[in-house]
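Next up: the structures, one after another.
In the two complexes that follow, subunit A is the common piece, with subunit B as its partner first and subunit C second.
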Partner chain A sequence: MMEIFDIYLLEALVNGILLGGVLALLALGLNLIFGVIDVTWICYAELVMIGMYGMYYLFSVYGLPYWVAAPICILLVAALGAALHFLVIEPLLGAPPINQLLATGGVLFVLQSFATVAFGIDFRNLGIRLPVLALGEMHFSYARLLAFVAALIGMVAVYLFMTRTYTGTAIRAIAQDRQIMALMGVDTKKIYLVTSALGGGLAGLAACLLVLQYDVHPFVGLSFGPITFLICVLGGLGNFVGGFVAAFLFAEIISLGGLFSDLEWGYVLAFAFFIVMMFIRPAGLLAKRS
Partner chain B sequence: MNKQLAWGVGLAALVALPFVYRDPYHLHILVLILIWSFAYTSWSMMGRFGLVSLGHGGFMGVGAYVTALLWNHLGVSPWIGIPAAMLCAGVLALIVAYPCFRFRITGHYFALVTLALSGIVLQIIIATRDYTGGSLGYTPERTKGSHIVALQFDDKVVWYLIALGIWAGGLAIWYWIDRSMSRYAMEAISEDEDAAAAAGVNVTAEKLRITVLSAVMTAMAGALYGQYQMFISPDTVSGIAVSLQMVFAAVVGGIYVALGPTVGAIITILLAEVLRIGFGTKAVGWDNLVYGVLLVLFIIFLPKGILGSLLAWLKSPSKHRDG
Partner chain C sequence: MLELRSIDAGYGRFQALFGIDLDVKAGEAVGVIGPNGAGKTTLMRVISGLIRPTKGSISMQGTDVLTTPAHRIVSLGIAHVPENRRLFPRLSVEDNLRMGAFMPEARARYRERMDFVFDLFPRMKERRNQLAGTMSGGEQQMCAIGRALMSDPKLLLLDEPSAGLAPVVVQQVFELVKRIRAGGLTVLIVEQNVQQVLQVVDRAYLLEAGSIRASGASADLLADDSIRQAYLGV
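Moving on to the complex of A and B:
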């Protein structure tokens, strides 16, 4: 059996875990929005795309150092998230859920074509090539390691915010019962806005990390947006822990599938796994059996 | 009676049109409008009952690619290839929709699962690039024999008549459903699934039937589009962008009225063409930008769509002012 467990397999396994970190970050942002506001942002990955362009302009065009550009970029996308809520979701809060979903689909179009018009369709990158870490025969890129660590730190920060602050507690309470909290004197409008900004901020953080590994172009969101939705549904929409577990499961399938064939087949395998899981655990990985 | 007469006259005028007026460019636009109207009508068959699918780009891709692959690799005529592609799309719809309906996956969940479906189809087309040409696109081979067997015609008038027939067929199916028991069952389901089930509606079967019908029709639209354009690529017939485009056009036109999706197709295709001609290559992106802004505005202010709101307003201007 040792031959199967070779060095490439181990490398793919570790790379899967590293990929899982960023996916878990994205899933957390989306789950947060869904759990609290009961809205799915179809355009979530496009927020990340805008953030990646933000990083490109701040870093490569305006020449800011990475560590200065990153917080600015996170704030920028957080503001974008709040604006999205204020302009599009708020007027639709009373509308059927599907209208909210379609409206964010429209925002997806807007952001994608805005990027096409404003930035062109060329592929751009920061031009930073981080070194590769060699462990024995295995190679890991620092960009991925950094992304994994930063994603974990981001998630811990959100956890602390949610459990240790008044606003965080209010957010969790609203996720449990939307009607009662308004009667308890919590300003739901404000909480929704804070949550949207937080979700946007997580997208911004993901953008800062992804831009180190991938080129940015107007349609880059399509390459990880659908995966993020699958992860959230697989984990159970609004279920933070489920999303976390599902992110790593998915990343491993993609990474290992890609080891045996092309990367696309890794994705196809992941999608197939998703459909099978819909039969077995339709309410999410960690849902209690009824 | 008056209404039927209007339909008859309208249809006759549409059939007669290419024999009077045959500017190739305008006919081309009309063919595109008719084919896409058929696709949007297919989507609305589900959409009007609250079954919002973001996976129809997948069905369309299956229709276009299966037909073209069968023709190029096995030499199977599209006359057999299109039904085969429709069958594939139907089976795909069954596989995805059955667990969704069986386990009561509705609303957001259903939309996301179907969204994943169009992602899958797109990835498979790209992954099998040795056969499908991947993201570069794919061209059905020009026939050396009979044009009828290959379903390839150089004359735009022929295509116009084919597209017109299919479009009218789509509307006929819409009316057929509109007047059937299924419609009442589906309306009950979209209001309250439990109540519908308690009243004796077989919820899963009813939803499956409409979903499969919609998927099969969409696949047919995809196959025809491929045969007409003689070029398909994942961007034009498959994937999430196409799915969203369908939803958008149907919503703008109005998904609750028969001609709503057609109005949506006319508006979106004309808009894209006007922008393309007006801006030339600079238009890349502008059409979608306008689409997206309109989509958001429509959903916020006119959820019934242009035609839907107009008809409601004509019926009783006072009641439906809030539209």
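Moving on to the complex of A and C:
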């Protein structure tokens, strides 16, 4: 009895790590936007939803191979992110934060309604059934493994971009001192646009990975949006490392909570954990004590 | 090289500068002295485009600075070391220097400029991987000047380089300004440390309450009784 229990526990732990990868990817995208532009895209998960529909149409309707559809989808959502910045955020850069929040909240409903009208409320999927990896008594889906590896590669690519290129360095610098960027010859508007496209691109990558595990429907964003937002707040908004750690913490709570009870209880536990943590560490997991 | 003509500038309804005329010729070191709140920092910000004047004209080697977008002004050869250094504290020294070479013209010569800056400040080479915010005030000032030099400027604007530094370090900073000058760079320096700055610059302007009250060769200003009384305490 004890042996079987341990295997289930190990399976849940590994599945938690696998889930954490994609959540960390989403958190990175949202944190990037917040850290650099100081705006929270409440509608971030809706970009993922649009990306999932993009994959559905490219793959199932237009018949493109997955490996061709995925990069197109990433570029499409990146363009959507840049458009979101250009059309909604930039005119509001000087506005009070609450107005910016409400505006991106408005975009959330616009995208949901648009998807409902354009695509209907049917649940759709790519119809790709990836095999399941069996290790002894444990089972892991290839879709999750693939998602984890791809998310990790995506995050490493962002890390290299941020540390090795002039534009990446400017993205890190701008969050520390906005006013003097012009003295460095940096056009802040351009950096904001690049950052928004990058944030959108990460949402696009997440969409390519999540569409292998979940059906797409106009409200699928609600499955990832709130949790991504809580992860970012728990890690400290704008704190990349904090978001990374918090993503895996949340994923393990969900996965292990689901082991001992229903999957939904995992989410309940995760949200309860979040509320408790907000009392203990309101500025985020890695925030310095003041 | 740099010409300012009847510049008015301010913040919102507050006017900080009134009809400023100022010239810097190639190869010169020029000082702007004056009390706190006289408008010295505003003057520097107007030249580098951080704020735009409400009236007047600025030209740099014949190019109209006011119609140049703020982020292109550094490409005209104007590098500004802002008040309080304003390094990116959570970036490494090397990343701070890299930001100084952001514009396309400077990127091409990144290695060469980096060697130049490391030559001038061997300390920065030792600390290249350290976070800029963890260095001492004097080291941060060197890093800030180094960052400005990365763009290979023709005109270096220094805003209160001695502020907040220990006397020994202040001495080093002024020595450094002399060395930079000797290398042929044109310098416009704003300082409250009147005694020391007048020993480094050729000429200076006295700015009070947003207007230029006096100007002349350093030696003349040092000998001027009213300036001696007001700023040198003698």
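Just so it is clear, the second predicted complex is superposed on the first by the 284 of 290 C-alpha atoms of A that agree within 3 Å, B and C clash if a C-alpha of one lies under 4 Å from a C-alpha of the other, contacts with A are read in each partner's own complex, and residues count from 1 in each chain.
FYI, contacts are C-beta pairs under 8 Å (C-beta built on N, C-alpha and C of every residue); 3 or more make two chains touch, one makes a residue touch a chain.
Since the model is a prediction, treat every value here as computed from it, not as a measurement.
**Student:** For A:A173, is the partner it touches subunit B (first), subunit C (second), both, or none of the two (neither)?
**Tutor:** second
**Student:** Check whether A:D187 is in contact with subunit B, with subunit C, with both or with neither, and answer first, second, both or neither.
**Tutor:** Touch status of A:D187: second partner only.
**Student:** Which chain, subunit B or subunit C, ends up touching more residues of subunit A in the combined arrangement?
**Tutor:** B
**Student:** Please work out whether A:W67 is in contact with subunit B alone, subunit C alone, both, or neither, and reply first, second, both or neither.
**Tutor:** It touches nothing on subunit B or subunit C.
**Student:** Looking at A:G105, would you say it contacts subunit B, subunit C, both, or neither? Reply first, second, both or neither.
**Tutor:** first
**Student:** For a test of understanding, state which residues of subunit B touch subunit A in their complex under the given definition.
**Tutor:** Answer in residue numbers: 50, 52, 54, 95-96, 99-100, 103-105, 107-109, 111-113, 115-116, 119-120, 123-124, 126-127, 239-241, 244, 247-248, 251, 284-289, 291-296, 299-300, 303.
**Student:** Which of the residues in subunit A end up touching subunit B in this complex?
**Tutor:** 34, 40, 42, 88, 91-92, 95-99, 101-103, 105-117, 121, 218, 222, 225-227, 229-230, 232-233, 237, 262, 264-265, 267-268, 271-272, 274-275, 278-279, 282-283
**Student:** Given the complex with subunit C, which residues does subunit A contribute to the contact?
**Tutor:** Listed in rising order, the residues are 166, 169-170, 172-173, 176-177, 179-188.
**Student:** Which of the residues in subunit C end up touching subunit A in this complex?
**Tutor:** For subunit C paired with subunit A, touching residues are 48-50, 69-75, 79-80, 82, 86, 88-91, 95, 98-103, 106-107, 147, 151.
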